[in-house]
Each structure stands twice: as structure tokens, then as C-alpha cells.
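You will see two complexes here that share subunit A, one where it goes with subunit B and one where it goes with subunit C.
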Partner chain A sequence: MNKITNFNIKVVSILIFIGLIVATHNLIIPKNIFYLFLKLIFLIPSVALIVNIANIIPKHTLLFFSKVFGAIVLITLIIISYLSSKRKPDNFSDLFDKWDSFLGIPLPKFLINWPKWLDTPFMHWINKGWKSFIADYGLIFDAIGYGLLRGYTELKGIIVQTPWPIVIIGVIAITYFTSGRKVGTTVFVGFCTFFIGFLNPRFWDKAIETTTMVVIGIAICIIIGIPIGIAMARSEKVRNAILPILDTMQVIPAFCYLIPGIILFGLGAIPAIISIFIYACPPLIRLTDLGIRLVDEEVIEAARSFGASKKQMLLGVQLPLALPNIMQGINQCTMMALAMVVIASMIGTRGLGDEVLLGLQQLNVGAALEAGLAIVLLAIVLDRMTQAYGDKIQERTQPGKKKQ
Partner chain B sequence: MSKIEIKNVYKIFGNNPSEVLPMVKEGANKEEVLEKTGHTVGLDNVSLSIEEGETFVCMGLSGSGKSTLIRHLNRLIDPTDGDIIVDGTNIMELDEHQLIDFRKHELSMVFQRFGLFPHKTVIENIGYGLEIQGKTLEERNKTAMTQIEAVGLQGFEDQYPSQLSGGMQQRVGLARALATNPEILLMDEAFSALDPLIRSDMQQQLIELQSKLKKTIVFITHDLDESLRLGDHIGILNGGRLVQAGTPEQIIMNPADDYVKAFVKDVNRAKVLKAKTVMVQADKFDTSSIKLAETYKVNEGVYIEEFLPKVLENNSTIVVVDGKGDTKGYITSKELAISLSKTGYNETTNTTQ
Partner chain C sequence: MKFIKKTILSLTLLAGISFASLSANACSVKIGDFDWDSANIHTAIGSYIIENGYGCDVEVTKGSTNPILAALIDNQLDIIFEHWTDNNVALIDPELASGNLVDLGINTPASEQAFFVDRATSEAHGITSVADLKKPGIWELFKDPEDPSKGRITSCISGWTCYTINLVKINEYGLGDLYTNFDPGSGGALDAAIAGAFAKNQPIVTYYWTPTSLMGKPEIDMVRLTEPAYDKACWDAMMVVVNKIKADGPDAYEPSCANEYKDMALTKLATGTFAADNADIIAFADAYTITTSVVNNMLAYYVDESGGDMEATAMHYLENHSEWEAWVPADVAAKVKASL
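Now for the complex of A and B:
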């Protein structure tokens, strides 16, 4: 009953939105960020509507219709691919002109070797879509890129201009406090930092560039990733929707988004930062989700039984208890970000990866290995700093478990 | 009006509980429903009333629905059908905001595995309910300290739960529940995870606290001895159905079915039955047979174990008196033999009378 009234309200609001969209289409509005927002505003209730309909229709009916829909899409795709192919036979009946035999059974040739015309024109569609996307919304990405570039340049400038002993002392101080005053870790991290510059003076500034990119990339990952992780932990539906996206982000080869990155943001640090986000964010999202779901059910019940609201539960119980896992996620995120920065040197990103690339191009094994070593040292420094903080939190929340 | 009333509550777990409900209402049992629909029946037409200030013990084996039942009282679980009335309010009609308010002030809960917040110290844990209510840190700590003293945990207030033993953790759980000064205390197998000595200690502590505080306590357990010790009334659940509810004596003397009989079989009756329950009424007893020198007076509320040795030693007759000193009835070795025999009090009395 409640569901139905809710549903009606949503239908009405959708109709209003459709009206709005139609109206804005007719007006001549420059295709800018507002236009994109309008589209998003339309998109979100539409998704809600679809989910609502899916909830109301009985499951088996839904399953049946989704199968029928799938079949229709497949058949349409095959027809389109046949019609749009340049290599299709002149006549449909030509398909059955050439025969071959498989284990003595005669078969038309197109069933034996993959026919050239059975090829969906996905590439053309993506290219077409991409072109119009750039034309319409390129400005938005320019704006994002500019903002990020400003932040990157400022931060890098400050650290590069700081005398190097002060930077090393800063790193030591941060490690000392995040690790809970552990002298061993602190001294080790200090030495690693020193050795980055000690290996080759050129590496110092490059390491700072790399670190700045990593830091900004991680900051974006945290700002976007943690709320998504929380949303996933709260709702099964959100999780089911996000998981395939995360799989795609993790599996898709880095070069597939490095190149569109160049087109959208130009060469340099920004596409690298965006790539860091795509590559390094999934583990953080997954570990946030996992961490929150792993919080003891009885502790959650206890909080609920005292009348904790959703916000009190999240901030007071779930997030603090998930923090060791989230910190692990940030640690993973850092390591993957560093790996991505090195790969991103291939699209002209400066930094330590650049040195490795240079060494490879000149077949200078020594230079490449030296730069590689510097990257390892940087990785150790960043890892110890984030790891130490996670350990400290873990000790505070579960003091018994750490001391064996 | 009872403090808590549970009226015809059904709970079915599964994808589509409302479709299965009519089948359960028609009397299909748990196994049938599971086999035919894949739904699990948690509670099947449970009706109960719990009076103010009493300790109601809900007992059953695992899977009998007792933990499900207690979670209905603060709506951690919502019933599929039925009404739950607390203090005259039907809590099924509360909206989300009212429900949160109800949980904040009316009741609190103690959990089997304690449910303490591992990232908070003892004092922060105990003050949690007050924190949710929006009390200041000072107020919280003041109330928490009195509770810490009440459960005897002075000196541990800045420790984390994982640094405490199980018994101490559960005391923190109890103190946390009492800190908000709720009228109703829900205890979900609160002492089941503790070892026997500490458990009996905690039971004693609860009895003492209860004699001072007079809360309405709903206590879940699978241990009959515990329920007899703590309960003013006991309800026994089996497969989601309430098979019997009554005072401990009623349960022991008149088990409703084989399930309850199996439960009470191994009970030490001398510890549970009171003089009042086993005596023969004064007007039905032939007083000519007693010799005055061999009588011994006991109060009607005394357990058998306290006067049993006297009867065995001197073969004396027990005179049961009430608070004013009036004779209410008599107990001889015959009554004791009948009441302590395992084969069932009723059958034996029927054949002897």
C-alpha cells in the first residue's frame, strides 16, 4: 500500500522532469555543465522509477521480460551488424553458396570460419559518441583539469621550494606521530627518504612531483571512494550496481583510459591523477564496504537498541570500527597509485617514472634500476606512513588482539 | 493493564512472508512451512503479558524463537503480523522518529556476547545510552560512575572491553543497560556465555539489583535452573510457539507437554518447590496423627531443601505458616516423597488419594 503511493508520487515527479527536459531541449541552451546537470536530474529519478517498477512486478514476470528483451537486443544487434557491414555478400542467398564439410557433415562456410560481416560496429559507435561527448562537455573536463592542475602546481611548488633537510624532518615528524611514537619505524622511514635524494640528486624533485600526484590522487579517492563504500555497505542494491563498475575499473588495461585521459585533460599530471583514481579507488571502496559490513552484528544491535539514529550509528560505531579496514584500503590505494604514476610516465607525466622510461629508452640499465630503486624507497616511505597509522588505530580499537 | 502485552505475534523469515502467513495461521508447523515455501517460521501466534516489576523468563532451546521474540519488544525485528503493546502504546504504530525515542527512554538491552563497543572505554560504553540521548559528558560520566560502583567495577573505567574478563564485560553490559534508567530491561541470554561460577555470581547480582530497582525484566535463557532462579513467570517456547507460561511451580508441577516434561525432568525440585506448593491444606489434614513434639514450623515461602533434613532426621511433621503465624497446612514425609518424585506429581497424588 505504502509502496504504491510512493510509486505514484514518483511517477508524477518523473512526468514533471520529462516535461522539463523536453522544454530545455527546445530552448537553445549551450551544452554546458548545467545541461549535464539537467540530464543527471532526469537520470536519477528514472533509475529510481525503474527500480520501483522492478520491485512491484512479480519476480518471475520480470525475469521473463528481461529474457525477451535480451533476445530482442541480440537479434537487433546481429541484423544491424549484418546490414552495416561492408563485407557482407551482395545477396542474402549468397551465404549458402559456399559449402565446406566438418567431420563429413556439409555446412555453409560462414558457420565454420567466423564471417567478416558478423561484427557489431561498436568501435564506430564509441568513436561517434566520444566525439560528440568531447564537443559538448569538453569544457567541463577543462575546468576540472584546470582546478586539479592549480592544486598540483601549488602543492608541488611549496614542497620543492622547501629546503630538503626540512622536508626530511617533516616526513620524520609525521611518521613519528602517526606511528604512535615508534622510534624504529621513524628512523627507517627517515633513512629511506634521505636515500631517495642520495641515489641521484635529480630524483629529489621528481620524487616530490610523484608524491604530490599520489597525494592528490588519494585525496580524490578518499573523498569519492569512502562515501561510495558506505552506500554499498548500507544497501544491497547499490552494491550490486557498483560491483561490476569496480570490476571494470580494476580489470580494464590502464592504457585504455590513459589515452582518453590525454584527450580530455592534455598531457602531464592531470590524466595521471585521473588514472590513479580509476586504478586505485576500487580497493578503497571494497575495503570500506567490507569493513563496515564486518562490524559485529551484536554491536550494531546494541547501538540500535539504545535508539541510535542512522547518522549516530555511522559516525559513532560503524566508521570507527571499520577504520582499520579503511586504513588498509588507503594503504592499498597508495601503493596502487604509485604503480600507476610510473605507468603514466608513458603519457608524458613527469616524476620518477619518467626516469625509468628514460633509462629504458637509452638502454641505460643502471639509470633505469637506480630510478626503480628510488620508486621502491618512495613506496616504502608512503607505505610505512599509512600502515603505521592503521596499526595505531587498530591498537586503540582492539587492544587485546594486537598483543599476542 | 500489563506492562508488556504481546498479541498474536507471527514472524516469518524469507522473501515473501505475507504470502506464507495464511498458511501458518491455518496451523502448519515449522517443518511443513520450510519444506513447502522455504520460509522459516520464527514466531507462531505468540501471546503473552508481562506485569510491571516482574522478571519474565523466556525459555527454549536454540531455534525456538526466543531471541527473535525479545527483539520484537524493541522492534529490532518487526513482526509479520500481530501487536506489541508496551505501557498502553502499540509500538507497531510508532514511526521511525517515535521508535528511536521509545528505544532511548523506555527500554534497554543486554546481549549474549555483550555487544560492547570495542573502541570505547568502560565508562564511555556505560554512558553510550546517555550520549545518544544527548546528555553532556559530565552528566554521562557521573551516571556512569554510579553504575560502575553498582556493578563493582571501580578502577576499570578507563580500560577497553577487550582488556576485561567475560564476567566483567557482561557487568559493563548490565551497567550500560541500567545507566539510562529504563523501565524495561531486555536480557538476551545475558549470562549464557559465562562460566558457571561467574554466571551464578551474576544471577545473584541481578537478583539483588532487581530487589532494589523493581524493573520489568524480560530474560532469555536456555537454562532451566537459571530461569527458575530468576523468573517470577516463565514462558516456554518450542518451534516458535509458546507451549506454556506460568510460575516456576506451575511449570514443574504441571508440565503442559512432553517438551516441557523433558525440560523439567532433571530439575532439583527441592530447590524450586516451596512449602506452600507441596503442603496439604490444613482443613484436609488429619491432625490427630501428629505428635506435637515432632512438629517444626516453617514459613510458606521456604524452599523444600531448607526443611528437608529435619523431616529426614526426626521424621517430624512440618507445619506451614503464613506471615502472620496462622497455620496454612502440613507436610509429612509422604508429601515430600510425592513432590520430589520424578514421575510427576499429579499422577502420584491421584493414585494415593
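Now for the complex of A and C:
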């Protein structure tokens, strides 16, 4: 793995060459959606090349160079921040005109109070990059948004047009079978579903809108999140690279991506679905990773001694044994998705969150609380359905570790 | 020991406090500021002049409309530099009548609230009035992605009165069957929706208002759609329906009347006691007024170039404009200039 083969070099450099041509000459391929997708695809070989180069350099040289590189970047940033600042003194020597003392030691003033010129212009860079990003890649997001919107409106349309008793019966039937024919859970879920519309007839359609968004958001989370979780469980390097990204996704305030989401996708359901992915996917990825790593070493060894291939090991041993954890991840994902849909009403997303917001803005505590209750009921329904399925799997795969 | 320690501590503390109060300026002014950017600009310019020209200590408190106005009425604050008069008539008028508050005149002569269309679409399809939106094929330009059988008028935030007013207006103008009255959810989302449409060159018809930083940006160029002229009787009839809808929901709509928003002047307020004691600062605040277009430009400078630094924006204004020198005596103007 550490050696870079001749064949690899050839393939990668040819791909990069083609990529550069495509990226620099809009004349060859007209600037349209396919061109943009090509450009993105050609990013992959460039990353692969960097990883390959990093692999052939000895580790201690790499560490040394990364330290030197870091120091150079820091010094350059400080110089840039000084030069680009509007609040810098007229002459460099003015910095040492004003002195103050700290514990009797004289120090130049700029070492005591944080100087206004020591300020990296990150904001300007991000704004500039953001502008050209929208101009260049706006089309891709339009295409993604259009696809998601079609899925959302079609699914919503079907459920909204279905008579409400049939929807309730459908929910009851799904719960009955996923929970392994537990009557108590099923009856409870049926009552909760009924009460959403019973609280206020307006809530029924809105709850369906909210649920549709949550379902589409979770589908995206599963499609993208589970493969990433598997990759993390298999490689330490991948895990180290992805963990900081997951931390960012979980901690960054929702409005940091909700508002740019409007500019990319327009007001409404699509930025909400994208926000669901950003907010709710990390727990699913983490729990998939954890679940696979927690599979008993002895079981893996047994499978290996029977000559299981990597694929057989994953699909036949690791994933089935990790399924209870993955189901827990999906359950967490659902709850967080629901929370995000409510926040997303601040960017014009329809649904139950909309009702809460309206109630609060008009200082109508009753209306807000009523809508809040409907959200809780919806959460209970979704939670019981996914939870019950997870319990059923757990009983099947680990009969010894039954709950209670 | 403990007693001595405590005595020394309290003595030093006392000394510190008395020193602080001795070294403080002769006057101190408490300014109320709001959570929207045009108010922030006026507060920054006003407080810069009071601080550097009159040598007073300035303390700025920022909050949303109701708490700040309540604090002003309670005399916890001295001055506010922007006040949307018509929105708070019921709250402020009795205070003005009793002399608790003093009106300090106009700070921005004209604020607008209206429906706007981006200039490119307006010119290409000849849309200049709300009636033009009814022309065949026009609604398809603004198609609502979530409800493709209608166009989308990006409206005011639901819960604000203007959302319901727009709802009535859209129905009165005969646009109800063609367009949805789309609630963007929050002020930031409305701004982003407009900026996003311009970034992608998509047509947009939206409710908006000035002065705002977005309107001051060179790339945001929108045409105000003309509506039937303001008429008090008609407006009052509309407000009756608006209040009914707010109380009983959208089904309470009934045909009435509709016309344009009245352009309102933004004013300034001070407390009566502060005005009686500080004639010089009140004279300055009274004279203070900046035209709408300058406010829009300052807001754009604040957002795009100053890096969100209000003080830098105020200094930028004071350096590049001279009308403010007439608001203050010559010696104060000289002091402000020297500090820039």
C-alpha cells in the first residue's frame, strides 16, 4: 500500500490532466450541469494523488514539513491581516509609540489590548468564495432541489389525498408488524395518530407535510450515512478525518446553514430537508461505526477462519450484528429530524412548526402549546415505530440480551 | 484578622468607586438601540457625536421594540434615534401628551413598505403595478415550486400585521387565485430569499421595505409596484377585516377595500426629564436627519465593507458627508473632526 505503482501514477495523472482541461476550458464542453458534475468528479483523483504522495513520504519528514507549513501559514495570515486591515496605524513604527505597563513591565499598547488590525479577513474570503460558488455551482443545487422537491410534493400529495381513517389504519398496521405484533404499542400509536387531527383539524395535513419531510430527510441520511459509518469502522484514517466534520455538523448553530440554504435552494421544504441531513445524520454515522466495531472479535475470527471474504464478512456478519445499534441510530435520526423541521419553520417551511411559530409571534400561548403537543404526539408515533422495530431485531439477533 | 481584611477590601473598593465616579465625564447619556440595522446606524452616528463632540459617556442598550420602548417610558433610557411612529401610536401617543416623552422630529424622511419586482423582470414584461401581475402568463414567471398551479408572492412574516394586510391586499387586487401569500418565516429568511433570487437571476415578486441594508446593495435593484393611492377611509375599512382575520383565522376574510402602505417618516424620541436638563444634546438630536438613500448606502457599507463594524460605519459617514456639521455648534464639530 505504501508504494505508488506505475499504473496508479499514469491513471491518476491522465485523469488530472483531463480534469484540468475541463476545468480551465469552458469552450470544449459548454458550461452546463454535466460540465459541473464532471468538474466535481475530477476532484476525486486529485484527492487520491495527495493521499498517495502523503503515503510515500516517511512519517517523520511529513510531520516536520507539516509543522513548518503550519508556521508559515500562521505568519502569512498575521501579515495579511495587518496589511488588509482598515484600522492599522499609518506607519509600522507607530505600533511602538504607545506604551503601557503590566505588573511594572513596560509593553507596547498593542500587546495589552487586542489590536484592531490583528483580524484575519476570513469573513471577506468566505463572502467572496460564496458568491463565486453560487455563480458557478448554483445549477447543481437547482437540480438537486428540483429532484427532492418532486419527491416531496408527490409523496405528500399521495398521503394528503388518502382518506384519514385509511392513513390511521396504515400506521396501525405498520406498527403492528414492525413491533412483532405487540398489541399495547400498536393501540397506543393508533391513539396518538388519531389525536393529532383531533387536537385541531388543521394539524392533520400539516403533520403529513412534516412527516414527509422527515421521511425524505431520513432516507437521505440512511443512503449517505450508513456507508460513511461502515468506512469509518473499517479504517482509522477515515475515522480521524470524518470525526471533526461530524463534530462541526452537530455543533454549528442551525442558522449558519439554514440561511445560506435559502440562497441555494429557495424558501420552503428543500433547505429544511438539507438541514435535516446536516443535523440528524451524525448520530446515525456514529452509531453505525460503533455498532460494527462492537461486534465480537471472536465472531469475526470465526467467520474469518471459515474463509469469509470482506464482502461476506460485512453483509453476513458485521451488519446484521450491528443492526440493533443502527436502528437506534435511525431512531435518534428521526427525533432530531423532527426537531429540525420545527426550527426550519423560521425559513418558511410548512408543517407543524409553522403553527408553533405563528402562535408565538401572535403571543397566542394556547395555539402554540396545542401545536407543540401535536409535535410531541407525532414524535411519539415515529419513535415507537422505529424503536419497536429495533427491539424486535435485538430479540432476534441477541436472544440472550433481552431487555428487562 | 478577618475584620481587618474585610475593612481594607471594602475601603479599596470604595476608593475605586469614588475614583471612577470622579474621573467620569460630566454627563452621561443612555441610548436605546433596536435589533434592525437602520436603527443601529443612527445610534452609532449619534453616540459617536455625543461621545466625541460633547464629551459625554454613552451607554447603548440594544433590544427589540417593546422592551426598549418600555424602558424609555420608564426613564431608564434617555434617547432613541429611530422610532417607527405609526407602528406604536397607541403606546406612545399618551406618553407624548403627558410630557413624559418628547418627539425630536424626523430622522429619515421616508420609509417605504410595498410589493417589489426585480428590475430585469419588470422591464422585460412591463410589470409596474399590482394590476400588471394579473396579466395572462405573468404568474408563471414567479411559479411557486411547492404549488406549481400558482405564482408565489414572497410576503411578510406571518404573525406580523403586514402578513395579514398583504393577504387582504392580494385578495382585493384579484390576485388570490393566481398567487400564494408565501410566509418566509423570519426577517433573515426574507432577506436571503431576495438575495438568492438575485444571485441566481431568477424573477421575484416580494413584499419589502426601506431603509434596509439589502436595498442599499448595488446588485439588488427592485421596482416598487404602484397600488391604488393611500386613502384613509379605505385603509381603515381594510384594517377592520385585517383585525377580524387576526382574531378568527383566514376564513373571516370578506371583501372590503385596499390601497398602498402610507410612507411613514421615522422619528426620534427622548424622555422629558432628559430634554429639560440637556438642551445642547437635544438641539443636536432635533436637527439630526439623514435622507433615505444615504441611510441605504451606509447600511450597504456597514454590511459589505466595514465588516460589521458599526463604529467604523459611523466614522465613514462623518468623514464623507458634511451636512452633520450644521446640526452641532462649530466647536463640537471641530472636536468630532479631530477625533476621526
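The rule is simple: the second predicted complex is superposed on the first by the 361 of 404 C-alpha atoms of A that agree within 3 Å, B and C clash if a C-alpha of one lies under 4 Å from a C-alpha of the other, contacts with A are read in each partner's own complex, and residues count from 1 in each chain.
By definition in this document, a residue touches a chain if its C-beta (ideal position, glycine included) is under 8 Å from a C-beta of that chain, and two chains touch if they have at least 3 such contacts.
For clarity, every value in this text was computed on a predicted model and none was experimentally measured.
J.: Report the partner of subunit A that touches more of its residues: subunit B or subunit C.
T.: C
J.: Touching A:G70, do we find subunit B (first), subunit C (second), both, or neither?
T.: neither
J.: Go through the superposed model and pick first if A:G170 touches only subunit B, second if only subunit C, both, or neither.
T.: After superposition on chain A, A:G170 lies in contact with neither partner.
J.: Could you tell me if A:L358 is touching subunit B, subunit C, both of them or neither one (first, second, both, neither)?
T.: Touch partner of A:L358: subunit C, not subunit B.
J.: Does the superposition put A:V299 against subunit B (first), subunit C (second), both, or neither?
T.: First partner only, subunit B.
J.: Check the residue A:A308 against both partner chains and state whether it touches subunit B (first), subunit C (second), both, or neither.
T.: In the superposition, A:A308 contacts subunit B only.
J.: Output check: A:S345 vs subunit B and subunit C. Expected answer is one of first, second, both, neither. What do you get?
T.: Touch partner of A:S345: subunit C, not subunit B.
J.: Identify the partner contact of A:L149: answer first if only subunit B is touched, second if only subunit C is, both if each is, neither if none is.
T.: Only subunit C is touched by A:L149; subunit B is not.
J.: Touching A:G129, do we find subunit B (first), subunit C (second), both, or neither?
T.: In the superposition, A:G129 touches no partner, neither subunit B nor subunit C.
J.: Jot down the residues of subunit A that show up as touching in both complexes, subunit B in one and subunit C in the other.
T.: The answer is that subunit A has no such residue.
J.: Tell me, which parts of subunit A touch subunit B in their complex?
T.: Counting only subunit A, the residues touching subunit B are 296, 298-299, 301-309, 312, 316-317, 320-321, 396-401.
J.: Can you list the subunit C residues touching subunit A in their complex?
T.: Per the stated touch rule, the residues are 145-146, 154, 157-160, 182-186, 188-189, 192-193, 195-196, 199-200, 246, 306-308, 312.
J.: Inside the complex, what are the residues of subunit A that reach subunit C?
T.: Contacts found on subunit A: 86-87, 119, 121, 123-124, 131, 134-135, 138, 142, 145-146, 149, 153, 255, 258-260, 262-264, 266-269, 345-350, 354, 357-358, 360-362.
J.: Can you tell me which positions in subunit B touch subunit A when the two form their complex?
T.: Of all residues in subunit B, those touching subunit A are 71, 74, 76, 100-105, 107-109, 111-119, 128-129, 131-133, 160, 162-163, 180, 186.
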